[in-house]
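Lettered A, B, C and D in written order, each chain numbered from 1.
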Amino acid sequence: MITAERKPMEEILEYVRPCQRILLVGCNECVTVCAAGGRKEVGLLSSALQMAAMKEGRTLEVKEITLERQCDPEYVEELASQVGDAEAIVSMACGCGVQELARRYKSMRVYPAVNTKFMGASERQGVWAERCQGCGDCLLGITGGVCPIARCSKQLMNGPCGGSTKGKCEISQDVDCAWQLIWDRLKALGVEDRYEENIPAKDWRTGRGGGPRKIIREDLAQ
Amino acid sequence: MENFEPIIVAFCCHYCAYTAADMAGSKRLSYPPNVKIIKAPCSGKIDAIHIMQALQKGADGVYVAGCLEGDCHFKSGNTRAAQRVSYIKKLLEEIGIEGERVEMFTMSAGMGERFAEVATEFTEKIRKMGPNPIKRAAKAAC
Amino acid sequence: MKTDSLLEKIFASGQLALTSECGPPRGAAPDKVREKAELLRGCVDGVNVTDNQTAMVRMSSLAACIILKQMGLNPILQMVTRDRNRLALQSDVIGAYSHGIDTMICLSGDHPHFGDHPMAANVHDLDSVQFVNMVKNMRDDGKFQGGADIDTPPKMFIGAAANPFADPFELRVSRLAKKAKAGADFIQTQCIYNVDKFEKWMEGVRDRGLDKEIYIMAGITPMKSAGMAKYMKNKVPGMDVPDEMVKRMSGVPKEKQAEEGIKICLETMERLKGVKGVAGFHLMAIEWEHRVKEIVERAGLLPRPQF
Amino acid sequence: MQDQNISQSSSKVLVVGGGVGGIRTALDLAEAGRDVVLIEKSYSIGGLMTLLDRTFPTNNCDLCTISPHLSESGRDLHIELMTMTQIEKLEGSAGDFTVSLATQPRYIDLEKCTACGDCQRAFPDCVRFTPGLDHRAPTCMRYPQATPYAFSIDMEKCANPEELAKVCRSEAIIINDAPKMKDVKIGAIVLAPGAEVFDPSVLDGYCYGSEPDVVTSLEYERILSASGPTKGELVRPSDGKKPKKIAWIQCVGSRSVKEGCAPYCSSACCMFALKEAMVTRERFSKDNEIETTIFFMDMRTSWKDYELYLQRAKKDYGVRLVRSRPHNIFPDPETDMLAISYTTDASAAAQTEQFDMVVLATGFKVPQEMRDLAGKLGIELNEHSFAKTGSFDPVAASKPGVYVCGLFEAPKDIPETMVQASAAACNAARHVAQHKKAAEDPAELPPERDVTGEDPKIGVFICDCGFDIGGVIDVNRVVEAARFIPNVAASEMVGHGCSRESLERIADVIKEKGLNRVVIGGCSPRTHETLFQDTIRNAGINKYLVEMANLRDQDTWVHRDNPEAATQKAMELIRMAAGSVRLAHPLADNVFPVNKDVLVIGGGVAGMSSALSLADMGFKVYLTEKTGKLGGVAKNIHRNIEGDDVQKFMNDLIDIVQRHPNIEVITGSVVVDHSGIAGMFKTGLQIGPQMYYRAINHGVTIVATGALPNRPDEYLLGKNKAVVTQLDLDGIIETAPDKVKSWNSVAMIQCVGSRSPENPNCSRICCQSTVKNAIRIKTINPDANVYVLYRDMRTPGFLEDYYSKARAMGVIFARYEVDAKPIVEAEGDGIRIKFFDPILGRDVSAFVDCLALSTGLVADEEDTEELGMIFHLPRTTDNYFLEEHVKLRPVDLPIPGFFVAGSAHAPKSIRDSIAQAQAAAGRAQTFLARDAINLGAVVAHVDGNRCAACLICVRACPFGVPFINADGHSQIDADKCHGCGVCAAECPAKAIQLMRFEDDQLCAQIDALLYGALERMA
């Protein structure tokens, strides 16, 4: 899932200060699941923005709406009827959603209300951790299902650096040493020898190195 | 801000705080009429949005009152409520409104005195702080 | 001989090799480099020049190496993959070699988190093992990683680092094996204070015959004070300082602590000389270059062999 | 215990007496599925309690705490109510009685009478309907909530019946009405006829009757009462002036050998005197202009937390207490005040003090008619003409199948009466079969009107609740303001909203105006919501379309000092309730089958008695005991004060319990976890040394964990072998009488480790064990000196007889002040004790062979704490379990399906424990009689379309109820949902709503409250 986090209020306020009427759009996908941009957060932000405005002696009308997904044009279309006389759209979706709105509503100012963080999993209630960087060439098959690129601070592909202590990364006690995790898995699976294989330098073209990426499924594409 | 009468919303859980409020009644313990109670089955039911809305609509202070730690009728509702309250405090500070306008209190069903005491102290605290800033602005505007 | 590196010659001759370290200044004054380096003349076989160590910006390792070279010293170029992608790394490697720098160490580098540019992007296009392998291929196959031929490939004597003390311990030997397999000719270890653990590690190394594939230089850092001992023990990641050592340091009065530190370091070297597979010492006298000579002398390692 | 083989040929229970006790018994029996005939000799039920203004210790108005029960009993279909009716004769035997009932003419057809009042207006002198105006002789409608709600006629006074009959438009007046006889077949009888209050006019010296300002405590209640003669104004009957100094004289007609007086203690007087004094100070003495003084002999505040009440009276309310028994009151014509002369320990010389009013704390006595009744029924009475009952069978009369409760058993206070009422119900139920039914059979209810689609039409009804609401705020203004609230179609004031009259009025308005929502402005929904829900349901509206605004407990009671603000707040509370109810929609209750097994925790006398009662009724009982064997504290007691062999009783009881086919005894077991709700509980036990785990499914839980004998580190206890506790002494006397013979002197000290800062309450049992042991020592060794050093001798009821007996036998009772405790030193094999004797007025030093300390009981802190946490049951500050309502629900715990028995509730004698145990069983039975439990409608509901299946609810739920179902969205099953709403609050997609507390309803309340708050500025 894509995770995100509400932007500092001051930044959002900065965007909307010139407006009297805004449309605040949530997304019922990832950002709902990571409690950053679902109906509830939309409600909270809406109150906060209006209070902040009142405090500054302004009035701010906020129309709240939460789309099923902001990254699909069909859903984004649903906004068309709502936009009305709003002066700006504030999106609580990830970057994809914000851009999709901007693409569809060309004349509209579209502002992000969240910072899109990473692709992650929820470790427990209220805690999400990075798991994947979308390198486009998955190594998990040989690293015991733990990704050294997303989870090792130095993205080391051939084992732990000298800073690994008691299963933790040298940069912080809260960060697990990815290679400790990998090693534990390999042992558990009884494939320790896999560690011996030198993983060659990675070809980053499948990742960001290759510029903006696209997936085209010939069989589906229209 | 002479003769300023704060409006206080108290979200009370049924099993402890609301019962304590009734207890305060049967013991005839007086507290400021500024405090208006909204009942919920558990303090854990009180959504952060409700707290924000109350302030947005013009309450000067809001508190959530639940059972004592470890004594929540629903096990952990009160601790979740407390977490939410501290989250709201931060959010308020972010928009320049005193976080102290929102508090969490706990008490047992038998603590009528505590209910009255909390209601009184909180009201006085808010009275000292003055009206909800959004109202000051609203007034200045007109 | 793979290279013209003096270090390689000494290793080959079976004598204990000795290297030390020189951290470049945080400014453009060449004399700072010269002063430090001068103190090491004649008492070590090679001088590691660190590359933005602890992720702090300093004079580039390559530039400092050139200064040392000009002084007639024998610099060892340290390079980290943290700050450069493979294009930059390769260009610097050939650049260095063009100045006659024939020995280098391939590292991943401390995380920016520790330095004064925590906001900096963390390149890590390659990891240290991949880096070693890239330089090896440049030398032996005369090819850039992209596949193109190098006219006049850099004949680098390739070093790497190893920390026998970090976790998971059972990985530490095979970690070395990977570096050897990737083409490292020698390694310098993390400072050794816990000799027992180091010996345990060496045992593993010998069991796999790695001591035959790769020269191992034991890392030594004399402790200046009890304070430093505590700091190393608690603050430096992957450092293993036994309590006895801290006790021993704190045991003596402040003014005697420096001397005690040197005693410990000499005892350690003495003991390590006896450990099969130890091919030399890497003496990291951090901001203590002026005492290196004394230490080497007292360790009975002077004079240094000539070729 | 009465005979176990019980015949159940006839299916009804006769309950005699419509006071609180009788009503409770009738209700319990009806709820337990038994048919009940409730007879009351008076014109309407309610009894003595309805004459009271307020009850301790809550100082609430009774009318509101009891009226729901009255209307309940009026409504309940399984109770046939016969007023103005008495027993003529009784035939047959337990399980198969035939009783002849005689009903006096009311001259009014209850079916037709609408209580319009025309007849009374036309013929005031012969129509009885003057709600308690004449407090000396309360007549028909003694209080506003009278049930049945009808008039009656005094034909003697009626000159022209025909004329009278014409007045009535509904032709309800039957001038030729005549006494009726009726024979009813019944299985058992419960006698709850109450008692009468002592008439002090027989005592010369108190000028009662001649001096109007000398009143009885009951009359004083009427003066204070909102529905009383002075409409709740405190004034002197003589001149209508407000009194400044009021005195109470205790033990009038009780604890006295005077002609016409009773030797026993009337038990309740100390508390009601304190209450009257406190209420006087609280309600009528804003600036302390009224001084209240109580003349007493011993302050007998030994029931749960009553000692704290006594402290409150002294400290918080400044009630003055004088330990003395004045014998004379004489009017002083100068001051036209009343002079009382009295002596105190401090000064033997008589002092005189003047008062504006004197209240005589008159006790209870059995009226002649009771003796006749006993005769008719063939039951034995004790020497004081109260019903005789067994000391191990506290509510069983001498005749099988006949049970007693309340004042007729012994003088007592309301909670004890309630306990006995439920106990009697429990016993009586064994004699009659459950009728085939379902009390809450929907067929009995009118069809529910479908209001969906209709615009909200809200009716607002506001109680003045006598002085409690009307006395503080301007109810009319609130009513008027309500008219302007959107969607409000009707707004009116309804005197006591919970009265039968008002409930009918509300139902009528709903029908007339076609209302589909209702707001009640009154007391707390916690106590009265169900009542109003039933009311609107009976009016054909879904019961969840009513909302209560708590104008009393949370407004008028706490803002009486600021009526204007309170009135404003009332308007806001009404607006909020209206806002919320506007958005309410009809909901269906969630109903599930009841597990009929019972878990009893604690294998002491209370636990075993509860278990036995329920097992005898055929319920499967799991009886768990923490220790290795049954018995508890009682196992170590040899004799009770009546002298019965406790050991034999206990051994028999244990034997029966262990062999009972329906009881499974689980010793060495501790409760480790608990889940579920009443009717479907699941409790985990860890059993035996190997601690293996076992989960028990059950429908109700009875907590009978008892208390621990206290052993405080005082007076050398545990340090010197001559110092023992009363419990030890009981053993010594029983097992080593020779040792007792060898003693020259014995001393006993009361209140050791009780009534102290550490343990402020009274342990209740110590005084009687002291008297018990003192008498036994004197019996074995008449020459021994026995000193009892006490603070107040607390021997309520007939225990007073033993106290007198002990004094007669020469036991020396010397009172000590808490700040001048006796001094105890070791001396040889004995003890040297020094104390001040107030009678002799000097210090006394005595050598005693044995010092017995009355150490009482303390709650087992760890256990109650632990269980309290696991079951989420509240405790008192001294760690006893806190009951649902200290007055009217003494054995119900606040969590439905939980009941408490024995010393886990408060220190109790064996007899009291058994009574409460049977009561708990009786209450449990009412629950177990149902086949289904209603979980109400407050459950979380997921909107599948909105749900993002994020699992936040799954993780947040404290009970692990939500799960992601096959359709890929969260599902919350109503039968598992506890209704806390945590999931609703946390759901990031706002896909979950908690029924009755939906977000829009909460927001509506916020909006209503803060309407215009932004504009309206300081």
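As a working rule, a residue touches a chain if its C-beta (ideal position, glycine included) is under 8 Å from a C-beta of that chain, and two chains touch if they have at least 3 such contacts.
Please read all numbers here as calculations on a predicted model, not as lab measurements.
Student: Give me the ID of the chain with the smallest distance between its Cα centroid and the all-protein Cα centroid.
Tutor: It is chain B that sits nearest the middle.
Student: Average the CA atoms of each chain to get its centre, and name the chain whose centre is farthest from that of chain D.
Tutor: C
Student: With chain centres defined as C-alpha means, what is the inter-centre distance between chain C and chain D in Å?
Tutor: So the centroids are 86 Å from each other.
Student: Once you find the CA centre of chain B and the CA centre of chain D, what distance in Å lies between them?
Tutor: About 34 Å separates the centre of chain B from that of chain D.
Student: How many angstrom lie between the CA centroids of chain A and chain C, rounded to a whole number?
Tutor: About 40 Å, centre to centre.
Student: How many angstrom between the C-alpha centroids of chain D and chain A?
Tutor: Computed from C-alpha means, the inter-chain centre distance equals 61 Å.
Student: Give me the residues of chain A that touch two or more other chains.
Tutor: Residues 40, 43, 54 of chain A each touch two or more of the other chains.
Student: Quick one: which residues in chain B touch 2 or more of the other chains?
Tutor: As it turns out, chain B has residues touching two or more other chains at 47-49, 53, 134, 138.
Student: Indicate the residues of chain D shared as contacts by at least two other chains.
Tutor: As it turns out, chain D has residues touching two or more other chains at 956, 1014.
Student: If you go through all the chains, which pairs of them touch?
Tutor: Every touching chain pair, ordered by label, is A-B, A-C, A-D, B-D.
Student: Any idea which chain B residues touch chain D in the complex?
Tutor: Residues 1-5, 7, 9, 14-15, 18-19, 21-22, 24-31, 33, 36-42, 44-50, 53-54, 57-59, 70-77, 80, 84, 108-110, 116, 131, 134-135, 138-139, 142 of chain B touch chain D in their complex.
Student: Within their complex, state which residues of chain D touch chain A.
Tutor: 946, 948, 950-952, 955-956, 987-991, 1014
Student: Looking at the complex, which residues from chain A come into contact with chain B?
Tutor: The contact residues of chain A facing chain B are 8-10, 13, 40, 43-44, 47-48, 50-52, 54-57.
Student: Using the touch definition from the top, list the residues of chain D that touch chain B in their complex.
Tutor: Within the complex, chain D contacts chain B at residues 58-60, 282, 524-526, 550, 552-555, 557-562, 565-566, 568-569, 572-573, 576, 869, 872, 874, 876-877, 882, 894, 938, 956, 958-959, 978-982, 984-986, 994, 997, 999, 1002-1003, 1005-1007, 1009-1010, 1013-1015, 1017-1018.
Student: Over in the complex, which chain A residues touch chain D? Could you list them?
Tutor: 28-29, 32-33, 35, 38-41, 43, 54, 66, 122, 124-125
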